[in-house]
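Data block below; observations after.
Should a chain be cited, it is by its letter among A, B, C, D, E and F, assigned in written order, with residues numbered from 1 in that chain.
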Amino acid sequence: MGLNEFILGLNNLEKITRAPGFFKFTEHTVAAHSYRVASIAQVLGDIEENQGVSIDWKTLYEKSLNHDYTERFIGDIKTPVKYASKELRGMLQTVEEKMTDEFINQEIPEAFQEIYRRRLFEGKDESVEGEILAVADKVDLLYESFEEIIKNNPESVYKEMFVESIHTIKEYGHRPSVQYFFQEIFPELLNRDFYGREVFLESVYKIID
Amino acid sequence: MGLNEFILGLNNLEKITRAPGFFKFTEHTVAAHSYRVASIAQVLGDIEENQGVSIDWKTLYEKSLNHDYTERFIGDIKTPVKYASKELRGMLQTVEEKMTDEFINQEIPEAFQEIYRRRLFEGKDESVEGEILAVADKVDLLYESFEEIIKNNPESVYKEMFVESIHTIKEYGHRPSVQYFFQEIFPELLNRDFYGREVFLESVYKIID
Amino acid sequence: MGLNEFILGLNNLEKITRAPGFFKFTEHTVAAHSYRVASIAQVLGDIEENQGVSIDWKTLYEKSLNHDYTERFIGDIKTPVKYASKELRGMLQTVEEKMTDEFINQEIPEAFQEIYRRRLFEGKDESVEGEILAVADKVDLLYESFEEIIKNNPESVYKEMFVESIHTIKEYGHRPSVQYFFQEIFPELLNRDFYGREVFLESVYKIID
Amino acid sequence: MGLNEFILGLNNLEKITRAPGFFKFTEHTVAAHSYRVASIAQVLGDIEENQGVSIDWKTLYEKSLNHDYTERFIGDIKTPVKYASKELRGMLQTVEEKMTDEFINQEIPEAFQEIYRRRLFEGKDESVEGEILAVADKVDLLYESFEEIIKNNPESVYKEMFVESIHTIKEYGHRPSVQYFFQEIFPELLNRDFYGREVFLESVYKIID
Amino acid sequence: MGLNEFILGLNNLEKITRAPGFFKFTEHTVAAHSYRVASIAQVLGDIEENQGVSIDWKTLYEKSLNHDYTERFIGDIKTPVKYASKELRGMLQTVEEKMTDEFINQEIPEAFQEIYRRRLFEGKDESVEGEILAVADKVDLLYESFEEIIKNNPESVYKEMFVESIHTIKEYGHRPSVQYFFQEIFPELLNRDFYGREVFLESVYKIID
Amino acid sequence: MGLNEFILGLNNLEKITRAPGFFKFTEHTVAAHSYRVASIAQVLGDIEENQGVSIDWKTLYEKSLNHDYTERFIGDIKTPVKYASKELRGMLQTVEEKMTDEFINQEIPEAFQEIYRRRLFEGKDESVEGEILAVADKVDLLYESFEEIIKNNPESVYKEMFVESIHTIKEYGHRPSVQYFFQEIFPELLNRDFYGREVFLESVYKIID
């Protein structure tokens, strides 16, 4: 009933697969996703800093590394379920918070409980670091879905994920890292040949411009 | 926008793994689970009929075969989440019903909508067939978790599943098939050697008796 | 030596992969296939009933759910082997029947043996339900092989399976459900974009018309 | 329609899993099995030569490397089916030979057909090399099943495979390599700790002595 | 030729499996390992801070998150190879550094090259954060190997890894987090039942005391 | 400490995956690769013999079957690392030889040590059989990478492997089997339809001619 339980919980996150139910060429676990999001947040943080924004790196790393740890308790609830109504979303969040709280009270030694309370609660707030996390989470989804698209995955859900990612990233268009992403990184990513590329790119550019 | 979508949806159920997040020696998909539950319901139905209970076989097969089809829409929401509060459970059910309804309206031809409305809504009602489905669902969980236990799976969740299954099955102790199960089938299942068997069996028999 | 063995046997069917030896993007087990065939038979049964055909639902579900259970004993013998000669086919069937009989005598309690004798023997007879099962089995193969084709699986065996399925389904062209399938469901299935689509569709339509 | 087809066929053997239908901790393909049997035949050949037996190495390697290539055509027919009757076994062998013959006539250039006729037909004849192949095939099965046993695989089939392997190897007790195997190699293999070891070893030694 | 390549490289780390060649019940990728090590370093950092040690969190997260990124270029070279001679170890390190340097020069925009030079070079230096990384890397190996041991994995390599981890962690016995680990976390981890537990624990406690 | 260890080592080779780190549709193990290379060497040996070259078959089989056994000790060191400098390559080879030597001294009975010394050391010498092995190793890589290419694997590494294989095979253009391969076998292999075929073939033919 100490920190051992927190570490053992990492095992669970290596066993939860993202986007269950859909055919995919490459499976991603929540553990690998967390690693990827923290690494992408790091890339974005560098860009922001390079553009003169001051970054609280401890917060950025902490937020991004731990942002999905609580999926261990509540699992990967499907987006359409989560967003079915504002009320349901609120209730699910309450359940998540209750279960997280219970975990902290039972498994984390008192000396560290305060830290875990901060660490395991939703990190996507309105701070610079919260915004970068929100962007990094979607950049990862964008890479993940694009990898399926270039392999001609026939499930339409990956095109929807890709488009949805772009839309969400665009909402943070005021962030220098987002501007840099669309100018320098995204065009490089798209620069690959695959069947149906022209039609796909056309529809993508319609969204960005 | 016809029955093709219903058939394609079976693919999704072959890709949703039960009990995500836990180490397991054998993965079970929702599709395979549905096959198992229908087969077990068939076994239980035979027993009931043999004891003089009249079975509506069409209903029994239909209920058991389709009882988890809607997981395609809402996924496999974790038990502790589902049962966090009566209110939440009600709301999740409302969402599930809404999504199922939407699917039926959009994808099923009018001539068949009524049938699917019956088929895709929760089958565990208080009819004989609804009760048999409830038992079959837990008998499957019991076999599934026992297979992990005899392989010495160290995750305690499988012992919890096993015990929980027994408890639920016992609630239907008035059903002849449940009495037969505990007298004739269950002892045969337990009759295997594995490390920790004595301690395990002792705790099991405490529940049954 | 009772019904426990029948239930344990379901495990084996979750571990037998269809079409062994060929590269495939999606593996299907005999358990999942059985679930799919029962679900497809259900779709076809609805259509028949809607067209005024009287369906014995108990028989239809029973036949389709159990039609491959005996693969547990004899495995998945390759089609070219099975059909090498009428004589061999007869002998293999005799072996299958013998092994099934032995299983029933040894593992099924006397009170249920008669039922299992009916249940585990070849269901594709000339009854309406037997014909629907034969069609459903091939519709599943058609969906299975088409999923590989749209992912550009280079193994030619999937095109052969697809074509063979259509041919067999067409043999049951007198069934209302088959007519409905080719008019309403099949065109929807084909309506996806993939490399080599035109050439493929042309060859398919040559068979249907 | 030349040697390319023979090479492509190796792919199929990398995709056929041995002992389909049973739970296993480690899957073995026919390709890996062929590699193992050729390597074990090599070990046995060394021992024989060391004891003064003259070995035709070309034949030994050729027989062991190719002994299961034809599974590509006929699949892995279950032992109880194969041995159901002498007549059936004869007929299955005829089918296998016919399919192999057809493959050779259609896919192998004339200049090499004679070689493949020798190579792809049953290698377990009564020559020294044929006997070594028969032993090597069973030594591999013995290692394969023992690996499952020490991991406490609850499927009884692995103990049956293990025992059956010992019995068959013992039939070749006149071969110096078999005597060496039981004296020098087998005791080393058994020298591992696992749950149920004493009971298991006792039953094993009863067979050997 | 910008940051896109760095992000795409994360894919490779999701596809490199740790400890190749050995049977394992649970596979771990380098990506998941990196996530785990960063999370464990976080736990250790909390403990140190709680004991009055000042932690540079940016450095700790950066070191732990990126410490194996270069495995993308050089792969997972086996420990006995790496440590065969001091000279070889030096040369391998030179190669790694050269390849990393090349990657940075070719793929990272100039403005960020300095940062990546720091980030992708060996982080286990003699700073507090470098020491915590070294400990976290071994704590992860210890958890990883212990999970195999309690499942009775017969490969002796996991016991060697476990013991080696303890030895290395003990070398950092001057760190408050290591003292806390052995007093509070480790005993909780060991507190599980498995076959051979007594013998195993005895050998473990001989090392620690 | 006898031949048992050599046989157990085959397990390791069934667990080492080729080309770790890259997305692939089909995984190949070192065990399966060894089987394939021995089978391809056999094909090439036939061709050479047919053209009047005298083949020492024992040597050819022995070399090809065992050529990667030592990967068990040193793993699959990435090509760019291995070839980083002549000096490093020399040192890695020394390590490999030392580890192999140690294995032979400790695990192989004296009577067979001489044989294993010959068998486990690099087989690609300048003999006819050594050259055929070198070609067979690359023909396998060519088939392996081509299978990825026709499935539109977006990783460029497979095109590089394919091209590199052709270059190496061409270096042995004086061998009759290589001439036959490019005239009779290779064109058959290329004769499949896939997206991007024209551009790909053009670039391939530029190399061959």
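Everything below uses one rule, namely that contacts are C-beta pairs under 8 Å (C-beta built on N, C-alpha and C of every residue); 3 or more make two chains touch, one makes a residue touch a chain.
Per UniProt, the chains are A, B, C, D, E, F = Hydrolase.
Note that this is a predicted model, so its numbers are computed, not measured.
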| item | value |
| --- | --- |
| Co-neighbours of chain F (Hydrolase) and chain D (Hydrolase) - touch as defined | C, E |
| Lowest number of touching-chain links that must be crossed from chain B (Hydrolase) to chain C (Hydrolase) | 1 |
| Between chain B (Hydrolase) and its twin chain E (Hydrolase), rotation from the CA superposition, multiple of 5 degrees | 120 |
| Rounded Å distance between chain D (Hydrolase) and chain E (Hydrolase), as computed from the means of their C-alpha atoms | 42 |
| Between chain A (Hydrolase) and chain E (Hydrolase), centroid-to-centroid distance (C-alpha), Å | 24 |
| Inter-centroid spacing, chain F (Hydrolase) versus chain B (Hydrolase) (mean Cα positions, whole Å) | 50 |
| Where chain B (Hydrolase) touches two or more other chains, by residue | 11, 13, 23, 25-26, 147, 152, 195 |
| Pairwise chain contacts under the document criterion | A-B, A-C, A-E, A-F, B-C, B-D, B-E, C-D, C-F, D-E, D-F, E-F |
| Residue ranges of chain A (Hydrolase) touching chain F (Hydrolase) (in the complex, touch as defined) | 25-26, 147, 150-152, 192-195 |
| Chain B (Hydrolase) - residues contacting chain A (Hydrolase), complex | 11-13, 15-17, 20-23, 72-78, 80-81, 84-85, 87-88, 91-92, 95, 98-99 |
| Residues of chain C (Hydrolase) defined as touching chain F (Hydrolase) within the complex | 23, 25, 152-154, 195-196 |
| In the complex, chain D (Hydrolase) residues that touch chain F (Hydrolase) | 1-8, 10-11, 13-14, 26, 28-29, 31-32, 34-36, 38-40, 42-43, 46-47, 50, 57-58, 61-62, 65-66, 109, 111-112, 115, 139, 143, 147, 184-185, 188-189 |
